[in-house]
Amino acid sequence: MKYLDEYRDPEAAQRLLTEIRKTATHCWTLMEVCGGQTHSLLRHGIAAELEGTVELIHGPGCPVCVTDQGAIDFACQLAQREDVILASFGDMLRVPGSDSSLLDVRTAGGRVQVVYSPLDAVELARRYPERQVVFFAVGFETTAPATALAVRQADRDGLENFSLLVSHVRVQPAMETLVEAPDHRVQAFLAAGHVCTVMGYESYESFVETYRLPVVVTGFEPLDLLEGILACVRQLEQQQARLENCYARSVQEAGNRAARDLVQEIYQVSDRAWRGFGVIPRGGLELSPEWSQYDARIRFEKQALPVLENEECRSFDVMTGQLKPTACPHFGKRCRPETPLGAPMVSSEGACAAYYRYGMSADHATA
Amino acid sequence: MSERERNLSGSWQLNCPVLLLTTSDCVTLAHGEGGRLSRKLIQECILKTLQPVSSLCLNDAAPLPRSERPLAMTTDSYVITPLFFPGGDIGSLAVYGTVNDLAVSGARPLWLTLSLIIEEGLPLAVLERILESVAQTAAETGVQIMAGDTKVVPRGAADGLFINTAGVGELMDPVPVGPDRIQAGDELIVSGPVGQHGIAVMAVREELGVEPVPQSDSGSLFPAVENLRHKLGARVRCLRDATRGGVSAVLHEWAAASDMTLSIEERLIPVTPEVRGISELLGLDPLHIANEGTMLIAVEQGAGAEAVAELQGLPGMSGAQKIGEARERGIAAVTVRRTLGAEQPLADPLGSPLPRIC
Amino acid sequence: MCLGIPGKIIRWLERDGVFAQAEVEFDGVRRVVHMACVTEAEEGEYVIVHAGIAISRIDPEEAEQIFQTLAEMGDDEGWHATETDDAGEDS
Amino acid sequence: MSERERNLSGSWQLNCPVLLLTTSDCVTLAHGEGGRLSRKLIQECILKTLQPVSSLCLNDAAPLPRSERPLAMTTDSYVITPLFFPGGDIGSLAVYGTVNDLAVSGARPLWLTLSLIIEEGLPLAVLERILESVAQTAAETGVQIMAGDTKVVPRGAADGLFINTAGVGELMDPVPVGPDRIQAGDELIVSGPVGQHGIAVMAVREELGVEPVPQSDSGSLFPAVENLRHKLGARVRCLRDATRGGVSAVLHEWAAASDMTLSIEERLIPVTPEVRGISELLGLDPLHIANEGTMLIAVEQGAGAEAVAELQGLPGMSGAQKIGEARERGIAAVTVRRTLGAEQPLADPLGSPLPRIC
Amino acid sequence: MKYLDEYRDPEAAQRLLTEIRKTATHCWTLMEVCGGQTHSLLRHGIAAELEGTVELIHGPGCPVCVTDQGAIDFACQLAQREDVILASFGDMLRVPGSDSSLLDVRTAGGRVQVVYSPLDAVELARRYPERQVVFFAVGFETTAPATALAVRQADRDGLENFSLLVSHVRVQPAMETLVEAPDHRVQAFLAAGHVCTVMGYESYESFVETYRLPVVVTGFEPLDLLEGILACVRQLEQQQARLENCYARSVQEAGNRAARDLVQEIYQVSDRAWRGFGVIPRGGLELSPEWSQYDARIRFEKQALPVLENEECRSFDVMTGQLKPTACPHFGKRCRPETPLGAPMVSSEGACAAYYRYGMSADHATA
Amino acid sequence: MCLGIPGKIIRWLERDGVFAQAEVEFDGVRRVVHMACVTEAEEGEYVIVHAGIAISRIDPEEAEQIFQTLAEMGDDEGWHATETDDAGEDS
């Protein structure tokens, strides 16, 4: 596939690896913000190859992992209602709420429908006029244009049985929370390529200036990641802290104007409870008042969602890079993909799940 | 395309003879309750359609012809949604699936039983069309349907139609020794592109709206098995149709049985462009997706090239590839080499992969 | 997060505005994609698609950059020269 | 009674080992999708429970032991609601039913396959309890379970659990000639009180609130068949377990096959007081109600008394009765004499009788 | 069973048969009003034994048969609603409406629940508070106390999701309609024993006086029927026309006071469309205004039900005794229990179905 | 219509008024029956039950009448005398 296969070229990847190894005089600690990058780093074996050269720590980059337990509980409650179809991305189904996951609810008879696109959920609303279709709108800024467009479509078609349970989160406030922690270990960031595709990277300028940390906008394929890592390592070796864009085929400085307009039209910035973090000021998006008739929380008369957390799960430490997943005392033991204690073990993007899947087989982990 | 649309719209042409008996053109509970309508359905719809490939009678059990060879037996239930999918339907699947289970066990498929669990409301024409597919597939694979059963359950108690087939076949000499005898150096071969069935069904069921609709690989593995065994004899260690859980599930089962590490290379895995495109779109790994006419084969060290050449010469098997080999147990039960060439564990999926956005 | 896959625009179905749509090809298959954010793209161009909506046009020149860098790396068979070049480009 | 209440309330004691693996104490879709949970379910729950009566392995097809005699094969799916009923459960039923189909065909039941279609959400403890019942019934009837299959379908796509069993048995000499050879004068015998299974299930399912809860007759017919054939040899024409459609359906099938009139007397039909009471209450005729451990037997003229005496001496068969005989085809295929003694047609029911108020 | 078995004694039945044959000097034509009696006469072979002595013609005695097609159509519509559980006696399920039967509707996904008692339907309403449970209240005066009691129970328990689709019919107005026809052939009536159990038989006094026809209240077991027939034949032979009660073990002159009170409390007499008859003045019961909140017709905003009829079905002639079922041109050919043209072929009490079942096997009918 | 079956009252559960209930036996089984219309019946008596509700008490003396009639018929072995008796009773 064009624009995929060439970025997975083994020989080119080896040359970049070599270059990184040559460049690094000692072992730098980088954080990849996005779970998609975590996935790719582990799937393609990059993290393993860089052991001793670059330590990659996994950021709060999975909107699935950070979705507040209270929101999941509410989604589960909605899915249990006879009049509701709860539509969701597949990723959310195994994430545990305080009692149960959406998959558990479906197992117990609730109606949960996996969709590829929020627009497919609008189609469901068209097809089942006697049901309320609630789309569980999780995701970073990348996904917000698609959910915003779903609202616009529902509005155009006058669908009164469509609403969103919005749990969109914003990346940069979380990065700030993270580096505000006195003991953080991050020396440079790989910024999330698709978030930047939508939002651009202008806003990182002040971040770089404030925290004096390199930020490199990075894509998702092996060469993209290796290039981003190399750029970070070079800056670090040169004791620089600049904002770089290594994913320029998709990312422009100002992002995508139409996408930002869509997001701006439908949403407004709000505080948001992040799983494992607590409430992050300006850490999420909510429907603007003009579109509040599409807000499932209002439609189903539920006000504030409690911030709930499984206390045993050390996801905060994992997501802030304080703890390698494998160093969590529960990892691979009580906490496994089939019996997750926390969200990072659930989502296929979650750092713990990624380590479990790519780094450790079941035998290995328990041996 | 127009075929598919017809399937999905449910506008069947009605010509099942049992229709003459009832005002409904659908299966009703009464069709399953042992009275007159039951007998009519069985005699005038099921037996008539299956007659060319069947020794079915209304008696409780059917005698089997004598066989000189030892026999093997298997069973599978087919619960696929939708009932018709690009490249097949539940009827052909129910025959191929059990034929393949016999074939990969080293048996020549001979006799099947056919058991239908029908949801009240299934159009009779749909049932007839599926039975025709059963009959045609049985004829193609040379199996006889020896006994049958029909149950009708109330609306909402099943999903259209479930089919169970049990199969008996004659074991051919030599019987493959089985995955517990896989040794270091054994070569792993896949008989064709992987993931086609699962992706085809998902594309229709989830209404992904992709074009062209990918086709299931649903088909008989017996000719390939017979040829392989003819050519390679006891150098074939074991074979397995890579159904639920895909190639990955078979590798994990074999690794557990043999205590070897089974190691494959991603770049060697054959994948069609349709499967590739959809897998990337949904974040799925074709190694975990179900197949219905594609098998994994373990052969003795050194026999891989001959096996691949033999397979590639057979109709529909031109995509056969060696994908890896067995080694003494290393870092994990199953490993895969991807872009960077390092060996890493291949996940044993928890369940069917769900489409991802993350 | 944010699985985004490149696809090639085959045919515009609805070109204008927020409800724009096009047929987009992903290796062996095509599917209708919402194009609200890339209305100025042309048939034959590639876009990145996430959750059914295109979020960017792929810039073909920028896409080549890494291979040029690599080519240069290859020519020099060392990293010092390349580093200098790259640093030049980046700064 | 307290047993029954426990069954209905669904408060199972949980002790299935697979529970340790997942947070859910129910079967989930992932259990059916070929990955790790599938293997755990199969190995730690199914294989473990069935181990005493099974040669089940994870391979695709299982070899059958050699047999010197000709074989017969049958299949049936079991779709009963509720899964547990007074006198049995779907697990015992799935074994008895197929064992009985082999037995009445003149075969000694030897090998079964077991195929489960599980609705997502079935408590694992329920599954385990049913599998224990399968194992116990297989042990009692002396059959081995040779191959299995497990599918999980989404909530709402099945009704808790469906089971298919296919069976293979050895035909014993002489094989009953079959209903087409019924002659005028042949005597018709029922092996026990009729209608018990159907009434027991209806009483629980429709929550009729009757006490005592009538018990299903679910049980093995093989010992009775073997004894009868030992005593009567070829004087037994044919046997049939009177399942769906009850005695009436068997009579209609046999009348059609033989072209005789089969004539019975209502006063001779054995019926228990529970079945009698409920049948009167709901306006049902026990002749049309399903049985699961009661068969109809046709024997040569003059052999009836000996057959009945033989049956009555067997455990659980004390209710065996001659109920009628075959005659040259008269006014109808099947006739019954009731109060006034005149012969009148016996209805061939259209479907399961519905409770009446009229 | 006590009070059943002794009334099925073969020897006693033979003696009554003999007595009837001795008594009758020529062939009298009697009508049994109740379908339960039709059923019993055919099931026990009594009608066949009396051939040439007494001709038994089958009255409009099956509330299932006479339930207006419009009511069935409405029941089918209700059953199709997602929020409704339509509860019904099993008898009604195969009766065709203008398009389809309740069984067809259930086959197509509608929720139809068979119950033994109307009180069981109230239990359903308790169990499914989020659904509307509509009980299809068919039946003669016999059944009305049970449905009235169901309303009382629902009322006691404050069940707002229970209602009745009332289609109760009254026997006597139909008998009057029948004998008002100039060409009727009925020479005496066997009155319906369980209707009289509830309502008594005082009201037949004026009927007997007006029409000069014997009316004998008759039970359902073979001896009951034979006794009733014998009583009719004796009256006819003596050219008498009296009101007699041959079911005195259950029937009192005034009926059952408590049952009548229940019926009176909940229902009022109304005109009613009878299938095959058209509208019979005072031919049915409807909920009294005080209980109209339990009226499914009102709750589901359906006013008058159209009187619909399949024109090919000769049920009027059959039910008025003008036509033997076997003489209907469709009987056993296009009209069979599995493909009924009309209600009398559907209900197990319907005269046509009873003839088909007991009198003619399928082979026979088509041979 | 109107399937009504005799059952024996085993035990009163709620004796009074419109919601009266009793356990009633039908050959081999018992079930709760609504007794609103036969509140004065006693345990051991028989009632006719239709659609879950008792609609009458069976009068044991009246229940015997037919057998007396039959016995008389039997004695006389003819119908004339019986007819006279019956007519006498009825009129």
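Going in written order, the chains are labelled A, B, C, D, E and F, and every chain counts its residues from 1.
Note that in this section a residue touches a chain if its C-beta (ideal position, glycine included) is under 8 Å from a C-beta of that chain, and two chains touch if they have at least 3 such contacts.
These are the chains along with the protein names UniProt gives them: A, E = Hydrogenase expression/formation protein HypD; B, D = Hydrogenase isoenzymes formation protein HypE; C, F = Hydrogenase isoenzymes formation protein HypC.
Everything numeric in this text was worked out from a predicted model, so none of it was measured.
Counting hops only between chains that touch, subunit A reaches subunit B in a minimum of 1. On a Cα centroid basis, the chain most remote from subunit F in this structure is C. By C-beta pair count, the most extensively touching chains are B-D. For this pair, subunit D with subunit E, the centres built from the Cα atoms lie 37 Å apart. Here the CA centre of subunit D is 39 Å from the CA centre of subunit F. Rounded to a whole number, the gap between the C-alpha centres of subunit E and subunit F is 21 angstrom. The distance from the centre of subunit C to the centre of subunit F, each centre being the mean of the chain's C-alpha atoms, comes to 90 Å.
Residue positions of subunit B touching 2 or more other chains: 28-30, 36-37, 154, 156, 208, 276-277, 280-281, 283, 348, 350, 356-358. Within subunit E, contacts with two or more other chains are made by residues 1, 4, 35-36, 62-64, 89, 116, 120, 139, 143, 338, 349, 362.
Contact of a single residue of subunit C with at least two other chains is seen at positions 1-3, 5, 26-27, 50-51.
Inter-chain contacts, as defined above, occur between A-B, A-C, A-D, B-C, B-D, B-E, D-E, D-F, E-F. If you check the complex, the residues on subunit C that touch subunit A are 1-6, 8, 18-19, 26-27, 34, 36-39, 46, 48, 50-53, 55-56, 58-60, 62-63, 65-67, 69-70, 73-74, 79, 82-83, 86-87, 90. Touching subunit E in their complex are the following residues of subunit D: 206-208, 267, 276-277, 280-283, 331-334, 337-342, 344-345, 347-348, 350, 354-358. Those residues of subunit E that touch subunit D in the complex are listed here as 1, 4, 8-10, 13-14, 17, 35-36, 39, 42-46, 48-49, 62-64, 89-91, 93-94, 114-116, 120, 139, 143, 222, 337-338, 347-349, 357-364. Per the touch definition, subunit A reaches subunit C in the complex via residues 1-4, 6-7, 12, 15-16, 19, 22-23, 34-36, 61-64, 89, 116-120, 139-140, 142-143, 145-146, 149, 152-153, 156, 192-195, 197-198, 220, 223-224, 227, 231, 234, 238, 242, 244, 248-252, 256, 258-259, 262, 349.
Contacts from subunit B toward subunit D in the complex involve residues 28-39, 58-64, 66, 70-77, 79, 81, 100-102, 104-105, 107, 111, 113-117, 146-149, 151, 153-154, 156-159, 162, 164, 166-169, 171, 175, 178, 240-241, 243-246, 248-249, 252-253, 256-257, 288, 290, 348-352.
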